[in-house]
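Down below are the structures I want you to see.
Same chain, two partners: chain A is paired with chain B first, then with chain C.
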Partner chain A sequence: MSMKITIRCFSHVRQALGKETVTLKLQDGTDTTEVERTIREMAGEALDGISFRIAVNRKYLSFPTELKDSDEIALIPPVQGG
Partner chain B sequence: MIKIEIVHNKIEPFRSNDSHKGDGAEVVFNGRVREVEHDKKIIALEYEQYEGMAEPELQSLAEETVKKFPINDLLCSHRVGEVPVGEASLHVSIWSPHRKEALAAIEWFISQLKKRVPIWKWAIYEDGTREATSHEC
Partner chain C sequence: MNISARELDSRLTDGEELSVIDVRREDQKNRWPLAGIDAESADLEDLDSRTFKRPTVLICQFGIITQRWLELRDLDDLYNLIGGAQAWISHREHRRDLSRYSRQMVLPEIGEEGQRKLLNAMVTIVGIGGLGCPASQYLAAAGIGKLRLVDGDVVDITNLHRQPLFSTENVGHSKSEAAAESLAQLNPDCNITSAKSFLCEDNCESLLSESDVVVDATDTVSARRLMDRFCAYHSIPLVYGGLYRFEGQVSVFHLNDGPSYSDLFPVTDSNSGSCSDEGVPGMLPGIIGSIQALEALKIILAIEPNLSGKLLLYDGLTHVVEQIQLKG
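Take a look at the complex of A and B:
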C-alpha cells in the first residue's frame, strides 16, 4: 500500500528545489525522518548545514512520526520573523 | 487583551491611548528593514510565511507571554510580502503596571517569535535578484 503526502517548501528548501510544493508517493509506515532524507537528496548539497524542525499538518513535531495518507509536511529552516 | 495580526500592507501602528488606567508602562517596538543584509545592499526584504501556521503560532506565543509576565495587553502586527528598506515589518505594543516587566516581556516575546513563528526573509537586491537569507537573530 502507498500513500500520498504533500511537502510544503519554504525559504532555503523552496530555493533549493525551485518549488513551493512537492508531492511524494510513499510506502505505508514511512516516517518524517525518511521524508527529510528524501528532500535533502533531491536538493543535492544545497541544504547541507541547514537544520530543520519538522511540522506535520501545521504543528511542530518533537520527535520523528509515522505519516498518514494526505499529511502535509514542512521542513522548517531556522525562522527569521521580526 | 491580546491582538495579533499578519498583514500584507504597510503596518498601521496600534494607537496609543489614555484608557489604560492601571498601566504605568507602555512599550512599543518597531522592527524595520535595514538597507544592508549580510554586507550586501538590498532594496527590500520579502517576508514569506507558512500560511495557516504562522498566525496560530504567533497567537499561541502571545498567549504564553501574557501568562508568563504580569502584563495586561499585547498587540502585535507582522507584515509579510515585500517590505521596502526603512519600512516596518514588525510592530509590538505591550502595556503593564510597571516598566520592568513590560521590557522583559517584549524582549522575550520577540526572541521567541524569531525562534518559533514560521516566517522567513528573502533579500531583494538592487538588480532585482532574490535570495533566501541565512539565519540571524
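Take a look at the complex of A and C:
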C-alpha cells in the first residue's frame, strides 16, 4: 500500500527545488526522516549546509514521526535576513 | 499651607508668579523630573535664612518632609505640594493630551488605560534596518514611552529601498542616531535613546535590561542567539522577525514561559542568506516589521491571541499567511 503526502517548501528548500509544493507517493510506514532524505536527494548540493525544521499538518515535530495518507508536511529553514 | 498638584498646575497655567523650590536629593530629581515646572533647587535647611518675596511652593518626594517643615514654622505664602513630586508626576500623566492616539484608543482592547500602559512601556529594537525601521516607526507613533534603538551600522545607499525611515542625506550616518532623530520628530511623547553599537556579550546587559519587550530585527545568527539567551534568562518577551527573498517569518518567544528561538531552530546555518546576498523587495520588511510592532503592542497590553508558540509564515508572492504550531 502506498500513501500520498504533500510537501510545502519554504525559503531555501523552495529555492533549491524550484517548487512551492511537491507531492510524493510513499510506502506505508514511511517517516519524516525518510522524507527529509528524499528531499535532500532531489535538491542535490543546493541544500548542503542548510538545516530545516519539519512540521506535519501545521504542527512542529521534535522527533521523527510516521506519516499517514494525505498528511501535509512543511519544510521550514531558518532565515537570516532583517 | 497646602496646595494640590491640580491647583498648582492651574495657577501656573494662568501665569501667576509662583516660585517653586525642589528640596529633593539629586538622585530623586534625576529619576523623577518635574516636567512643566521651572523649579529652583535648594536644601530645606537653607530656607530658614531666606525671605520669600512671592508665593512659593516647596516640593519634596512625597510631600511629607515639606509639610512637617512648614508645620513648625508660621510662614505666609509658603505652600507644601500635597503628595510631593509623585503627585505632580501623576497629575501630569493624567492631563496629558492623548488626542494623537484617539483612533487606537477607540479600540476596546486599548482604551485610555491601555494607552497609558504604552506611554509607560519600554521597547528595545535591535537592528535598525529593513525590519527595525517600520517596527520603530509604528511603535513610536503608537506612543511607546521609551524606545531604545541599537545598531552599530551606518546608512548605506543600498539600504534606502527598504528603509524609508532614512533619507538620502542620512547616507554615511549612524543608523540608530538618524532613526532617533527622525522618530523624535514623529512623536515627541516618545523618549528615544540610541546606541551606536552592535549587540554583543559585553553590552547586552546594558542594552536589553529593563525592556518590557525586545524586538529582534537583526540579520545575524549570533545576535539572535544572544538575545534569545538573555531574554530567556530575564523572562523578557522577544519578537522575532526574519526574511528570505519574498518570504517572512514572525514569532514571539519567552512570553509566559513560551518557546524560545532555539526551540524553533536549534541549528541555524551561518550561510542561511542575508538580504544583500539573496535580495529582498523593499515592501517585505515593511510588512514583517509592522507585524512585529503589532505583536509588541499586543504583548504590552496583554491582548490575545498572539504569536507565542506559533511561527507565522508570510509569502509575498501569493500573499498566503499561515501559522505553524510549535510543540514544546
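Just a few scattered comments:
By our rule, the second predicted complex is superposed on the first by the 78 of 82 C-alpha atoms of A that agree within 3 Å, B and C clash if a C-alpha of one lies under 4 Å from a C-alpha of the other, contacts with A are read in each partner's own complex, and residues count from 1 in each chain.
The rule we apply is simple: contacts are C-beta pairs under 8 Å (C-beta built on N, C-alpha and C of every residue); 3 or more make two chains touch, one makes a residue touch a chain.
Here the structure is a predicted model, which is why all the values come from computation and not from measurement.
Of the two partner chains, chain B and chain C are each touched by A:A55. For chain A, the partner with contacts to more residues, out of chain B and chain C, is C.
On chain A, the patch touched by chain B and the patch touched by chain C overlap at residues 10-12, 14-15, 55, 58-60, 74, 76-82.
The touching residues of chain B, counted against chain A in their complex, run 31, 47-48, 50, 52-54, 56, 78, 89-90, 110, 113-122, 131-133, 135-136. Only residues 10-12, 14-15, 20, 49-51, 53, 55, 58-62, 74, 76-82 of chain A touch chain C when the two sit together in their complex.
Residues 127, 129-132, 216-221, 241-245, 247-249, 264-265, 267-269, 271-275, 278, 280, 285, 311, 313, 318, 322-327 of chain C touch chain A in their complex. Listing the residues of chain A that touch chain B in their complex gives 8, 10-12, 14-15, 55, 58-60, 74, 76-82.
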